[in-house]
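Here chain A shows up in two complexes: once beside chain B, once beside chain C.
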Partner chain A sequence: MKLELQDIRLTFSNSRKGDFHLLQGVNLAVSEGEITAIVGGNGTGKTTLFNIISGFITDYQGKVLIDGKDIRPLPTYKRAQAGIGRLFQGTQLMGNLTLMENMKMASVDTMGEHPISPFIAWKSIRTHEYQKEQRAIDIINKLFGSDSKYLSMLDQKASALSYGEQRLIGIARLLMGESKILLLDEPTSGVNPVYIKTIADIIRKLVEEQHMTVLLIEHNMNFVKSLATNCAYLDNGKIMQYGQTEQVLNDEGVKNSYLGV
Partner chain B sequence: MLLQFVINGLITGLLYSLLAIGFALVYNTTKIFHLAAAGLYVVAAYIFYSAVSIFHLPLFAGALVAVAATMGVSLLVDVLVYRPLSKRQSSVNVSLISAVGVLTILVNLVVLVYGNAPKVVENSLKSTYTFGHLILSQPQVWQAVIGLLSVAAFVAFIHYTSWGKRFRALSDDEVLYTTLGYNVNQTRTIVFLLSGAFVAISSCLNVYEVGMDPNMGMNILINALAAMIIGGIGRFEACILGGLTLGLVQSLVLMQLPSSWQTGVTFLILMLFLFFRPQGIAGYKQRTV
Partner chain C sequence: MNYFLHIIVLLNIYIILILGANMTVGMAGLLTLCQAAFYGIGAYIGTMLLMQFDLPFIVIALIVSVITGVFSLLISYASLKLKNDYFTLATLGFQMIIFTILYNWVDVTKGPYGISGIPAIKILGLWSLKGVVPYAIFTAVVMCAMVGIFVALKKSPYGRLLRAIRADETAVKALGRNTSAAKTRAFFLSAAFSGIAGLLYASYVRFIDPTSFTLNESLFIICALFIGGVGNAKGSIAGALFVVILPELLRFIGLPDAVAAPLREIIYGLALVVIMFVRPQGMLGEEMSK
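Take a look at the complex of A and B:
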């Protein structure tokens, strides 16, 4: 799936100080099977841009196109069903649900959705649930190894995991869904260095094997360099630089204003 | 003697549990302090009364009508009041005030139609059943049987159906829930329908025994809220444990103290829990991340 942002503008009204123009015409195109990183200082609107793509902010101007189609009318849950997956900066898992339930929740389907279906189609629902469980176990096996502690924690509440571990499972969970476009908001924040490589491998695998389109916000420049094909530098409400990652990160303007070197 | 008080307490506790489930379904999933549940409790009672005493339906049919109608009113409260406020991202205080408003409107409507005088569903002597030293009235037997069945069905629903899993997921994180592709409004529809059903079942079972007046809702809802906190906020099935504990303690207090102490003891237990075990009986400490 191809993601395009066309002239995205967002203004916050502040009666005392006048209007604050956070996004002033953002244009960006991310092709299928490509990893693009968005870098920029704090408060430049990177997460806001993700909120616009996800459907949490609707009063923006401009267009968000998926395969050329404007998705403005779609509410958040329909955008997710259409293939937009997201990893948040903060919360990753639902603490009251077990690890297995968290994995299964990512696989949205209409099976068992009708309130009376558990009574009339319990057998097919059970088979379907079993298949999802097997898929979750396969994913954890593949990513963390057959001796991973997570395999023995599948029935435990997700709140038993540390922040970094929740992030890892949150990324593993992306493999359960039918997402075609992934919005990853600082996937390495709070994760120990050993697992940063695991995360990079997972993302690479998603792109290579499932041709996913990835848009990434990240402050870890080594991670960006090792993973992203293209990079967009967001500042003053606009994409100030766009191109190959090395080229953008080596740009003098970006170095001065963002990297501080 | 002791057994009689224990059984009476557990049956009362079941009724608290049912109402607490009705409240917790809404509170856990939407974070709305659903005081309007007290109004729905009153509405259910008076519809039950109308169906049985005015339209002369059999008891069971009357109760079914009351449950169905309360489910409808519960959904209307969400669609007309709570949902528009949620859409505007109103604070929990605004939702709380709107819930008080709905409660007041519902109670006033009942007063307008039926007046303030207490009413009974069936003005007849109820038969009793004796099991050794234990004596149970016919309404108590209904309360025990239907209460237990309803509670068991709820536990099975929450743990073994995909909707139950969705309820738990929504109660955890609405943003994550919708980002994973689930329709919050559709889930809320089921939540409010089910909440209305549990409030109505609790109401019908109770008023069949003790009758009703338009101002009874808030008093009983306070007990249900205490049951929810004692059981453990955030966990649906914990209401049941909290309700049974509260009913049992209240009943045992009656063995030694006048009934006027019941409310005082309820709040005393509540405060003890808030001080020493704020997560409730079934609650657990979460890892802070």
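Take a look at the complex of A and C:
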């Protein structure tokens, strides 16, 4: 699916210092099979842009289009159902759920999640649950190997995992769904170098095999260079530079104002 | 013996009431202050049905739970999209409104005079429950069914969804789940449970008036829930045991009513404070970890 942002604007009205224009006309298009990185300084509005795309912020101006259709009327959960998957900046798994339950919550299969269903369809809940379990095990096998410790920790509370481990499972969890567009907010933060490569491989594979569309926010430039085909530099509420990753990261303006080299 | 069975009936009714509160507080993670209003709606609607129609219990119970549930939707639609604190405030408002209506709409509810001569429940439309023995058995059966429903829901994927929402509602939305709908359903069930408790109470006592359905009663139910423990059926049963048995114990050791009544209140209050310090999850409840 193709994701387009057209002239996205967002203004905070503060009584103290007047209006603050965070986003002042962001235009960006990511086509199917593309990985685009958004880079830019702290507080420039990258996460905010994701919140607009996934529907947490609704008072924006401009348009968010998926395959040419404006998704403004859709609430967050419907945008997710329409295929927008999201990895949040810095958040962890749901700590009071087990690893397996965290994986299952990411499935698009909601069989049994209505209170009436245990009483009229307990048998089919069982089969659906079993299928979700198998799928989760397959994913973990594929990503971390059949000897990974996560397989033996499936019934442990997710809060038992370290921060970085939770980030990794958070990414593995994305594969349970059927998202067509992935919004990844700093996927590598807090993850050790070995796994950064794993994450890059996962994302690359998803794009090649399932033709996903990926928009990611990163401060790790090596990761961006190794993975992103395109790069957008956000500053002063606008995309100031856009193009092939190498080109954007070598731009003098970006070097001076963001990379600090 | 009859006295003992009377306590059993009350216990069963309170277990259902506290389980109902637990659906909202323990499962959906929302604090409700209007369980007594649902209890009252169930009692009054149940009374009217029992007095007007000759219907078997199961039919009346279904109608009562649906109607009470529909009342809960008023609060849900008004507040669930807002933050959880607003939900609690809305339940508080609802509790006050319902009590005022029960108290003042004399034409329908007889107001403070109450309604007496409520007919007994009929099972299968033939067998009318008479006396405390059948009520003790029957309320125990209904109570067990409610415990069964609660446990089944808790273990189901629906229970998991609610737990996930308690941990991180934002993430659950981004995973494509309609979290407001999930919470609305829990609150609906919560109201329905209380409504059924009200129906049982009205037909057992055969007299109702608004003083049984006050804000105080709502607070009492919530206290019992927190003392017993939030999040599972065990805790609700423990809470009901505590609040129903304690007054009887005080009476049993021979304290005059003038002492026993305030002492009881003090013990409930102390129990709540002590529990929050020593065992925030309640006597038998589950840790409500984030």
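The rule we apply is simple: the second predicted complex is superposed on the first by the 258 of 261 C-alpha atoms of A that agree within 3 Å, B and C clash if a C-alpha of one lies under 4 Å from a C-alpha of the other, contacts with A are read in each partner's own complex, and residues count from 1 in each chain.
The rule is short, and it goes like this: contacts are C-beta pairs under 8 Å (C-beta built on N, C-alpha and C of every residue); 3 or more make two chains touch, one makes a residue touch a chain.
Computed from a prediction, not measured in an experiment: that's the story for all the values here.
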item: Room on chain A for both chain B and chain C (clash or fit); value: clash
item: Touched partner set for A:L97, first chain B, second chain C, both or neither; value: both
item: Chain B versus chain C as contact partner of A:G177, first or second or both or neither; value: both
item: Chain B versus chain C as contact partner of A:A106, first or second or both or neither; value: both
item: Chain B versus chain C as contact partner of A:F88, first or second or both or neither; value: both
item: Partner chain(s) touched by A:M1 [first = chain B, second = chain C, both, neither]; value: neither
item: Partner chain in contact with A:L22 - chain B first, chain C second, else both or neither; value: neither
item: Which of chain B and chain C A:I125 touches, first, second, both or neither; value: both
item: First, second, both or neither for A:A80, with chain B first and chain C second; value: both
item: Chain B and chain C footprints on chain A, overlapping residues; value: 54, 56, 75-78, 80-81, 86, 88, 91, 94-97, 101, 104-106, 108, 111-113, 115, 118, 125, 159, 177
item: Chain A contact footprint on chain B (complex, rising order); value: 160-163, 165, 168-169, 171-173, 175-184, 190, 234-235, 284, 286-287, 289
item: Chain A-touching residues of chain C, taken from the complex the two chains share; value: 149, 152-153, 155-158, 160-161, 163-164, 166-168, 170-179, 182, 185-186, 189, 289-290
item: Contacting residues of chain A [partner chain C, same complex]; value: 54, 56, 75-78, 80-81, 85-86, 88, 91, 94-97, 101, 104-106, 108, 110-115, 117-119, 125, 129, 159, 177
item: Partner chain B, residues of chain A touching it in the complex; value: 54, 56, 75-78, 80-81, 86, 88, 91, 94-97, 101, 104-106, 108, 111-113, 115, 118, 125, 157, 159-163, 166, 177
